[in-house]
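Below: one structure in structure tokens.
Per-chain residue numbering starts at 1, and chain names A, B, C and D are given in the order in which the chains are listed.
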Amino acid sequence: MPELNYREAVNAALAHLLATDPTVMVYGEDVGEPGGVFGVTRGLRKTYGAARVFDTPISESAILGSAIGAALMGCRPIVEIMWADFSLVALDQIVNQAANARYVSQGRAPAPIVVRMQQGNAPGACAQHSQCLEAFFLHTPGIRVVMPSSPQDAYDALLTASHVDDPVIVIENRTLYAGEKATVRLRTDPLPMGWHHRHRSGGDLTVVSWGAITHRVVEAAQRLAGDGIETDVLEMVWLNRLDTDAIVESAARTGRLAVVHEANRTGGFGAEIVARVAEAGVHLSVPPIRIATPDVRMPAAPVLATTLVPSVEVIADRLYAAVKGT
Amino acid sequence: MPELNYREAVNAALAHLLATDPTVMVYGEDVGEPGGVFGVTRGLRKTYGAARVFDTPISESAILGSAIGAALMGCRPIVEIMWADFSLVALDQIVNQAANARYVSQGRAPAPIVVRMQQGNAPGACAQHSQCLEAFFLHTPGIRVVMPSSPQDAYDALLTASHVDDPVIVIENRTLYAGEKATVRLRTDPLPMGWHHRHRSGGDLTVVSWGAITHRVVEAAQRLAGDGIETDVLEMVWLNRLDTDAIVESAARTGRLAVVHEANRTGGFGAEIVARVAEAGVHLSVPPIRIATPDVRMPAAPVLATTLVPSVEVIADRLYAAVKGT
Amino acid sequence: MTQLSDLYAMWRIRAFEEKTRELWLAKHIIGSVHLCIGQEAGPVGTCTELAPHDALFATYRGHGWALARGVPAQAIFAEMLGRASGVNGGRGGSAYFTAPEYGFNGENSIVGAAAPIAVGAALASRIDGSGRIAVTVFGDGALNQGAVHEALNMAGAFRLPVVFICENNGYSELTPIADMVGDPQLWRRAAAYGIAGHRVDGNDPQTVRAAVAEAADRARGGTGATLLELMTQRLVGHYLGDAEQYRKPGELDEALRHEPLARLRAALATTGVAESELDEVKAQAYAEIAEAAQKALAAPHADAATALEHIYA
Amino acid sequence: MTQLSDLYAMWRIRAFEEKTRELWLAKHIIGSVHLCIGQEAGPVGTCTELAPHDALFATYRGHGWALARGVPAQAIFAEMLGRASGVNGGRGGSAYFTAPEYGFNGENSIVGAAAPIAVGAALASRIDGSGRIAVTVFGDGALNQGAVHEALNMAGAFRLPVVFICENNGYSELTPIADMVGDPQLWRRAAAYGIAGHRVDGNDPQTVRAAVAEAADRARGGTGATLLELMTQRLVGHYLGDAEQYRKPGELDEALRHEPLARLRAALATTGVAESELDEVKAQAYAEIAEAAQKALAAPHADAATALEHIYA
């Protein structure tokens, strides 16, 4: 099993899909010849040819719309939107087009596209290159959403997404691409979608998170363990399909709930998690909390941005307070 | 005080704004000469001239973007997006542009646009003309959102929106335009934003809703009153700014919470309401409920659609069950 | 004889649209309906040039295109009537149904959104060996939509087998297209994309056919896309219920003098086809359509219990 | 003498960009930075033709435009350095700052998004009596974005006072524009919108100036918009850190022979300006910029406690 970083894992998944499924195409801006602005698609065009791996004009509606059209004809396109923020120039194609295809045709003309995008803040990024938009896609019935944060999940998410017969948004994170290498099992049979990870088991507090910020959550949870606080840390790799039962089970057991996401607080998917737990009738001993970026636009200066996106310290402090009541 | 239906109330507000503020422009597709596909802007072009009231190409990005540009120059444009669904071809201009203008310029270059749109299902409407998208705008810091459901609120919402120095999305509903006339006070001093209505006062159950479905909620609440169940019915006309305190106060008092919206359930703004009440530490005697359109695309056939959008009966039954536990 | 079959095909569409209006007025059909009365020559001239495996993407004004492509009238009526036997079981309705088994890859109720989708169908044919070409139909106003521009550009840059058909009926809903563009000769936009462009009489099925045949050849031959501007007029409102206050005096009378059915009928009469035969063609079309509507009306409504099916695989 | 002041203005931009790179390499500036080295003639030739009340909208590659419009170098450095004294107090950074008090109405980090915004600034001038014209700058690749198309069309249809400036530097990020369009003569797209269009040498400030002057006259005269394609080349990567593997062999050497500073210097030398004077102009520009950077570096960082201000009015 090879040692791969996140970027290499995505690349390996794409290579595998191109190699095994002749209907797979991989395209987007700078995706072909240059191999992607983050190097994720490097080498694929050379191996799999310009008809299947190619660059496009700066035309997100054409990228997404054409993916839908190709999927309607039986292909399995995997397209890239360079930043989740840019999907907003073409959201129609995801929400009004891809999401409806299966339902309206009663299953006869589905649009099983895979849209890779990456999102979130990175040092110095401006407000137009920093948003976490998963909540938009999660409020769109008909669309699946997965947010891998490790090389293994990056590989598995893509493999599964390409085999799922629904449109899937795979949300990556550019701060992870060049991260540490890990042993990645290059499975060839896709996992069933919907998995999550329990990073720690504990009885004091349920902590639910997803995406890159999970790394901070895990670190914060480690610190809490040093204080004798045992958290149950769930990373929901798939947000749709979501394993609500796992969350409810944990929250019912610990009696305390925190949700952590990088997206802005109001209307973020954390609200949905809290609502589902409340609706399930789980009795919490203290009110649930959401740890998120406040309702703000993202400033470019790192000195400002770092006070907004929850840090390990902020997460640890708030989790601590949730348990110790301070 | 005149008797106006919803459409006439919107028209009256637009006329007042055009008459009193020379920087107001009113434009959009079919808005000028034809007076709008719903007749909302009828007569305005004739009175206020083609430079201020005009039709546009079918170019939502140009409509929204140009509104921002005009606002940056000191104008107060009021533009129409014919259906909320169509905003998805141009969401960038709202989320990446208008929402950022004030923050990034530290208040020196705000974009106080008003975007009127209407949304929701109506009999026979297809999946691309039926969505309720308020949750998208409510997850966009920097944007205000108001959803009037009565002629008076339609008038007041627009008046206030045009005076607010932030971008405001005014979400109307086409099923209301030709509704019953009501006495409308044509105030000239805008109300401060953020208001809500308490349609009924009661101690058994807090019911929070917004938009056109509020009419069904009020009717359902009346039925419940017949069964001796007294509900506290809050219509949140403004969803941003939201009067969270009013909701929390009511829920704390009744110990029961239901949120009703027409938007799809998962990731709808109902989740935010439930989450805020839970976070506030309100002790509910029964789990909160959300009554919403399930996670589905909207079928055109009324016989199908009516089983999906919560009806008065469904709302009444679920509210009843929330109180009586059946 | 092509011209007689064109006449029949166009009467069928006309009859279908008239029956649709009748059903709408009688409140059997609920919701927005966009008729193509006056625009029948476009679909009839085009669809004979398409192979079964070609892809066709239309708009909300798509009944005529679906019929010309072979979708059974009864299934479309049933769709608009919300019947289980509707081509989409009532999910799509008048303005958003699809019938891929007939090579009719769907209406679309978002202006211009199908153009990039059609480009994707053409992209697919680069790798699937199908030889498919893709045709996308939209109105004059749709050319002002960003997505259409992106589609035209991508098709031009990649020399994809796409035929872009713009039905220029003079209006975008209630607004004259001439007021919404800098150059009302819309076909000239093709040059910007490096693709072929032509404006043709869109009320004559033979003229349309010849133009489409040439464009389809170009597409199949691998030399690229075409933008065809079909000049036509709708003789009815944008949608049912449209008060049409935007019409100039005499405009409709003038339009009636160029409308495709009267024209073709007159042309055929000149070539010696008997009036009785021409009447018979019309009568047959109306009879076929009446029967289809009748059967659709008699079918059971969609089952509400199925409303949540097919959201996900 | 215009040409000497052009030389100075261009050296100022060059010096600014080089200093920016230095600060980025030293990790004083964090995040994406897009330099306009090689493209200095566009902003310098353009901005002299704009009145203070005109509106100018640029892109992430906007330092040169801001400088030419009069935004102080120090305030831009401070912005990129995240200082409280930055032109937006560090909110915008290198790629998304605005300085409306200088008639610089902002960079934009969404490709093409500023074009419709500029159209709105022109719309406003129809009712506010300001006589303002709006200028929007974007790259070659941006012309393939739907929003730019919609902006061009609206400006054409309404004959609005807009000058669309396309800086064609041959690449959209890492991809050659020639591969992404059907016709690489981008200026020809103007015809589709019924507006004037020209391609000019974008590396000569005087040529740019003349073209902009004509376009501005047209705009001020009420006869409509113009699309100007400025042919230029960036001598550096798309962003700092770009490995530029997409360059063809010899491409940069060739580009260096046409780059605006060397050209103007050589031209001035031919007309008899002393080498020493030319050196002095350059030295002055570098000195001014070095001092601005120095001051910016010395200023205090933005105050984290203010990060939540100005979200709403």
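What we mean here is this: contacts are C-beta pairs under 8 Å (C-beta built on N, C-alpha and C of every residue); 3 or more make two chains touch, one makes a residue touch a chain.
Bear in mind the structure is a predicted one, so any value in this text is a computation, not a measurement.
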If every chain is reduced to the average of its C-alpha atoms, which one ends up farthest from chain B? D
Between chain C and chain D, tell me the centre distance in angstrom, where each centre is the average of that chain's C-alpha atoms. 45
Chain centres from averaged Cα atoms put chain A and chain C apart, in whole Å, by 40
Which integer distance in Å separates the CA centroid of chain A from that of chain D? 35
For chain C, write out the residues touching at least two other chains, lowest number first. 89, 91-92, 96, 108, 110, 113, 144-147, 150, 153-154, 157, 179-181, 311
For chain A, which residues are shared contacts with two or more other chains? 56-57, 59-61, 85-86, 89-90, 92, 96, 100, 103-104, 126-128, 141-142, 295-297, 299
So that we know how the chains sit together, what is the shape of their touch graph: line, ring, star, complete or other? complete
In the complex, go through chain C and note every residue touching chain B. 29-32, 82-83, 86, 89-96, 108-113, 141-142, 144-147, 172-175, 179-181, 245-246, 301-302, 304, 306-308, 311
Under the touch definition given earlier, write down the residues of chain A that touch chain B in their complex. 61, 85-86, 88-92, 95-96, 99-100, 103-104, 126-128, 131, 135-136, 138-139, 141-142, 240, 263-264, 266-272, 274-275, 278-281, 284, 286-290, 295-297, 299
Chain D contact footprint on chain A (complex, rising order): 29-30, 33-34, 37, 55-61, 85-86, 89-90, 122-129, 294-297, 299-308
Which residues, counting only chain D, touch chain C once they are in their complex? 144-147, 149-150, 153-154, 156-157, 159, 179-183, 188-189, 191-195, 224
For a test of understanding, state which residues of chain D touch chain B in their complex under the given definition. 55, 57, 88-89, 91-92, 96-98, 100-101, 105-106, 108, 110, 113-128, 130, 132, 134, 146-147, 150-151, 153-154, 157, 309-313
